[in-house]
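In the two complexes that follow, chain A is the common piece, with chain B as its partner first and chain C second.
Let's turn to the complex of A and B:
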């Protein structure tokens, strides 16, 4: 039941020892090879030899996205350029992208971690894995591709989009597992329904690795029901190898983070101080086994909490809750902090609501939610539409404490996404 | 035609919606016999039609991306004289039949008018009204 039993079930004491040793090596390498980190470490007076336990991580400097951008393109490289075999970049919607370099060791490690992840969901040699994520500069598709090949799966590098062809591939080659974004999974389900294809009977897809966008438990259940499969939450970011940093096991109760490769901290996003175990905060990660571009205490801006109970699967690596939101995605209406995921959770729990919705922010005190209705709920009775709208309004008001303006739309009105979905449209001018 | 079936189409209150729906029906060669529009202050409504070929109309609209459904309505014959509508509505009240939505439909021969009503329990309403001697569509 384990891809790498020794690593996955390592006891707590040995894990701390391994982490301490790897952290010291990481700091040594950064101190020797990366002027940016040497300067930061010198200014706090920490030498690599000062790392005596994992608790010493608190003495190390943070790395932010801005640091990555300022050191673009190769300021954070810890090895000679000819040792680098791969470049990925992370979306540069605001200014320059972030460049992430991998040595062969780093690619091999990332593949090994993904193989562990996929294996723990039950994926095996003989499975047919259709990869519906974007190939290219984005790490998402390639790292899962390698992990699945390492397991011995047949990998179909379909990439996203062209839904008709995706469905033909599933039918022609008997795809058993897919890797997909949550918004595309929901869109795929609606296309299958329109074409009269019942995925439970007509397709063999039984596992979906769903990631790249945060989503709620309600959305996962919807994907599982509509597509007739088990959906596993996967988390990763290019700065930390890409996908496979944290992944759900067969129990789907939180995401295991491979602590032999990363140190997890959950910090208060404002003060940078640790929060008690089990409290929500910003996930901060340190790479422990990376050669080309190790990163100390990376501020992911992703909000989550550590789940402290032991997982029944027997893996000793701690779990985090699925991502609750991004510190950056939060918006303020009438002085209330609101995360888009709270809204999604409410919408997806209401019968009669379809998959697609948008949040429009037009002023500091009003929020409009555009919701597509499920065409099956329309029975011609206007009063049923009115009560659905009232139910959505009341439940949202209860959750976010602000009464939203809810607009019901016909299915197919909002733009569809064959990749990352745009859910929040902010047209406010400050 | 045994039962009288009404076609309902979901519509946001946006200019051009009725035009699009009626064009789709026209292109499919469907004749519209009656129309009623219900809107709400919440920005959406339903457009209801009686057409000569309900099944074709429904499938055509769905294929063209509209959200539509068919439901059965009662067609109550109206007398063409003063008090004709009053007679019918008073009988509906007497029998505690609550009207959800109503409009008027003139049949294919252009000589008889019917009040179309949506009610909760159509079979019960049908029986009660027959006992009162009311003429229901189809005659």
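Let's turn to the complex of A and C:
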């Protein structure tokens, strides 16, 4: 039932005690070893010994992406360089990347947490795990790789792309679980369909760990139906170890975050003040068990909310809702704040719409949604195409409050995605 | 009596119609009749050709979205009121015509018109009863 029962079902009082102790240790290490944090702590007058409960976290400074960039390459390192065994970077589109260092302890901890995650979805020794994420500087693939190996699975380090080979690997080695981005999962489904392969009958893949891009419940259902498997939402970010920070259990009702390793806060993205439990806000995470590069109150820019009810799986660690959007992805049309996920949710709920779409922003007051139609909906009647377009337009208008231009495209027109999908094309000149 | 018509979904992209026609040409098929239904943003190309299955396969292979539908091809007297007379027959029989278009060629002295109705069989029956020539599919494909 549990990979680590004691840790996963820890009672609330013991968890708070453990968190407090680990938080104090983390602050001690940062105060001693990282000038950037010492300066910040000194300026607010907080000493490590002041940490007496988890509530004291509110007295600690935030860490932003910009802080990570400004301290590039190794300004936030809390141990001697010789103790570091791994470097990952998280690239940004502008400026310097963010460098994340791991000691052996950190790699072991991250693997342990991923093992818990995979185990709670039912993955076991004997499973064959095909990892279709990018290996390399990006943490995407490696941490799940380690976690699956720790469980005793056979891991196929396929990496992304080369869909024909991915399918051969699944057929030749009897893959039972995959790790994949949502856009690639949808593309994979369309290739299988084209090749006449029925994943339910012809393949053994029954679980998919889907992450690296935020996606909606509608997309999950579509992936599950098309590929004939259970899809589990998998959230992570390089700054916090990589994938496996938060994960769904067998009940698929929100993502557990391992609170013995992270402190969760949900804050108003503008004021930085906590929002009431259950309200949407920015996820802010503090590492509690990291040696090489502990991070205090990291502003993830990911929007979610805490789910407070106890999960039937018996794990006591709280859950967050699947990511509702990234604060950075938000765009403004006619003065309305819009998240791409809202658009995706609508599109994926409409029959006749295929998997691929693009959002084009050409001016401050117009938005064009290009949508591929499902070839099965085309019956040769123009009025059906017109009513599909009208349905998309109306439903989107209802959701985002702006009337979009909707263009119906032939299936296969938009660029295919074998990694992270580019959904928003912004050609506005400001 | 049913004739197979090929419908192709065309998105609003420069050269897309030409690409569809080139695909048909590469399959060495001559178009016997065609029509385009369009809105500002997309259209449907409808075709009658000698070998509809071959055309469908060739188009699908080139990533076109294709559907095969049944239509009726009737011989219409090439004189004023010819087509109106045909439509009256269907109207009297309470059969809706979704769309129609004409062949370029004639059959003897008669014009050829493609008719798409909601239900094909009753339409054929009604037309026959009124002595309107419904052209058999073999004859259409070999025009």
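Criterion: the second predicted complex is superposed on the first by the 430 of 430 C-alpha atoms of A that agree within 3 Å, B and C clash if a C-alpha of one lies under 4 Å from a C-alpha of the other, contacts with A are read in each partner's own complex, and residues count from 1 in each chain.
Throughout what follows, a residue touches a chain if its C-beta (ideal position, glycine included) is under 8 Å from a C-beta of that chain, and two chains touch if they have at least 3 such contacts.
All figures in this text were calculated on a predicted structure; none of them were measured in a lab.
Q: For the overlay on chain A, clash or fit between chain B and chain C?
A: clash
Q: Would you sort A:409 into first (chain B), second (chain C), both or neither based on which partner it touches?
A: both
Q: So in the superposed three-chain picture, is A:329 touching just chain B, just chain C, both, or none of them (first/second/both/neither)?
A: In the superposition, A:329 touches no partner, neither chain B nor chain C.
Q: Please work out whether A:373 is in contact with chain B alone, chain C alone, both, or neither, and reply first, second, both or neither.
A: So A:373 meets both chain B and chain C here.
Q: Figure out whether A:385 sits in contact with chain B (first) or chain C (second), or with both, or with neither.
A: Both chain B and chain C are touched by A:385.
Q: Who does A:213 touch here: chain B (first), chain C (second), both, or neither?
A: A:213: touches no partner chain.
Q: Intersection of chain A residues contacting chain B with those contacting chain C?
A: Residues common to the chain A contacts of chain C and of chain B are 373, 375, 378-382, 385-386, 389, 407-413, listed in rising order.
Q: Report the residues of chain B in contact with chain A in the complex, numbered from low to high.
A: Contacts found on chain B: 6, 8, 10-12, 38, 40, 42-46, 48, 65-71, 100-101, 118.
Q: Would you pull the chain A residues touching chain B in the complex into a rising list?
A: 373, 375, 378-383, 385-386, 389, 406-413
Q: Which of the residues in chain A come into contact with chain C in the complex?
A: 373, 375, 378-382, 385-386, 389, 407-413
Q: Hey, which residues of chain C end up touching chain A in the complex?
A: That would be residues 5, 7, 9-13, 37-39, 41-44, 46, 63-69, 98 of chain C.
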